[in-house]
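Chains: A, B, C and D, in written order; residue numbering restarts at 1 for each.
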Amino acid sequence: MAAPQPKLTADEVNALMRRAFPDAPQDGLPKTVAVAPGRVTVVRAYSPGMLRPGQLISGPNLMGIADNAAYALVLAHVGDQLMAVTSSLLMNFLRGAKPGDIHAEAELLHLGRRNAVCDVRLWTESPDRICAQANVTYALPLS
Amino acid sequence: MAAPQPKLTADEVNALMRRAFPDAPQDGLPKTVAVAPGRVTVVRAYSPGMLRPGQLISGPNLMGIADNAAYALVLAHVGDQLMAVTSSLLMNFLRGAKPGDIHAEAELLHLGRRNAVCDVRLWTESPDRICAQANVTYALPLS
Amino acid sequence: MAAPQPKLTADEVNALMRRAFPDAPQDGLPKTVAVAPGRVTVVRAYSPGMLRPGQLISGPNLMGIADNAAYALVLAHVGDQLMAVTSSLLMNFLRGAKPGDIHAEAELLHLGRRNAVCDVRLWTESPDRICAQANVTYALPLS
Amino acid sequence: MAAPQPKLTADEVNALMRRAFPDAPQDGLPKTVAVAPGRVTVVRAYSPGMLRPGQLISGPNLMGIADNAAYALVLAHVGDQLMAVTSSLLMNFLRGAKPGDIHAEAELLHLGRRNAVCDVRLWTESPDRICAQANVTYALPLS
């Protein structure tokens, strides 16, 4: 879409996320590293606790990061609306996610009055080896 | 569908799950409490660490339990095939999940040679107040 | 969920559908044949034009019928709100759909102020051979 | 992903599609207008029969075109494998689709031995006003 202008910087998104999840450990939240019109890039530091059998990052961890990335994307574009909630998330697991920091590129497909629809792509090895792709819909509080 | 006969009992499914996730804490895995043709019922004990702001069970926890329930359902019907892997998961968040043990009713929509498609419904308060519903597809190893 | 009481009978739903799609040919709309709390059953008469190569009913026809069935389900439970619109539809194609009248069983998973989430199962041969399953979300007009 | 090289040109994809759907009317199939590594662009000529009430292109038409675009994308990259079949399709309807030729940009998210996962974006007015986005999974014949 005609990419909407962000309202927050990466630092402001990170500060909001910490307010939203005050009890998360310091390294337990993905960090927004870039904000652009209609897009954010988020990185979650790797920790061995993320692995499942087979030495791959587990599905629930990947889904959680995709959800966080979409939340960061929404906050960046609507501003301080912590009450946005996920209404649906579809995750396609494309290949095993090798251990490593998890990078998420999130893109707004639509930002309406009622909801936001986001495309999120995740990788650990390199950006041309996407390990999972998600579609995330957030319901926005009606103002 | 014409419901397929299970190959494993609930106890056998639980034993397999413990083998699949040997490092999970004792109470960190959902427990299969019933197996019937085409269906399983799974319960995951509540712990306060599952909550997100607003005193509701977090989305990633619900998605993880839905995935586990589908895995238990697949194991119950194909037997000892630990290498089945999730290929996609769609979660619809229907209402906030109040704190409490999480119950998952999983049903086989299709069991083919290549994959299994499952419907999973989750609740904490009572079975007539579903908090989330998932469609989970597992890829089966080709034998 | 605690199944909501329908507000319309099957005949009333059919009359509304004809008003919503005045230009559809007489046999071009699915017919609602049963309404119950939280559920409707819909049948679409078979026509050879529905086939794709391989003598199976085409995907777009099945998706259209799933969407219609969810619409009938929503109308039956919210009454005369023709402006409800589909916001998302996930279709799982489970097996080839043999030629024949297409039956759809649609169930409300959630009916909120803003949207309705429906599960729809389709079959042509017999109810224990589901050929496709859909999750359909309708956005409701805010009143 | 590291974009795979296409095996067919746009003309070859169009010829294959006509072989796959020999009974489709001349203007009843989308036309592939561009093929690039990991991508195709497809256009379906507008016809008034596509409209639903409200003078918008109907959901089933959009879903059918998304499915066709994903099929063209798969054919372009795997070659003459007409037996690929859709296993799932998720459509997000983002805004009303105004009357006009329907453009679909389809991108391979993953091309494996068993299946292909595609992202498809549709528009009629202009490329920066996407009206719908789909995730389509095709099952590939095992060779």
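Observations on the model:
What we mean here is this: a contact is a pair of C-beta atoms (placed from the backbone, for glycine too) under 8 Å apart; a residue touches a chain by one contact, two chains touch by 3 or more.
Note that the structure is a prediction, hence the values are computed from the model and not measured.
Graph distance from chain A to chain D, where chains that touch are one step apart, equals 1.
Separating the centre of chain A from that of chain C, both taken as means of CA atoms, is a distance of 33 Å. Distance from the chain C centre to the chain D centre is 24 Å, each centre being the mean of its Cα atoms.
Shown for chain D are the residues that touch two or more other chains, namely 87-88, 90, 92, 137. Taken as a graph of touching chains, this assembly is fully connected, with contact between every pair of chains. Against chain B, in their complex, chain C makes its touches with residues 1-3, 90, 92, 94-95, 109-110, 112, 117, 119, 121, 128-130, 133, 135, 137. Against chain D, the residues of chain C that register as touching in their complex are 20-22, 52-53, 58-61, 63-64, 67, 82, 85-93. The touching residues of chain A, when paired with chain C in their complex, are 87-88, 90, 114-115, 137, 139, 142.
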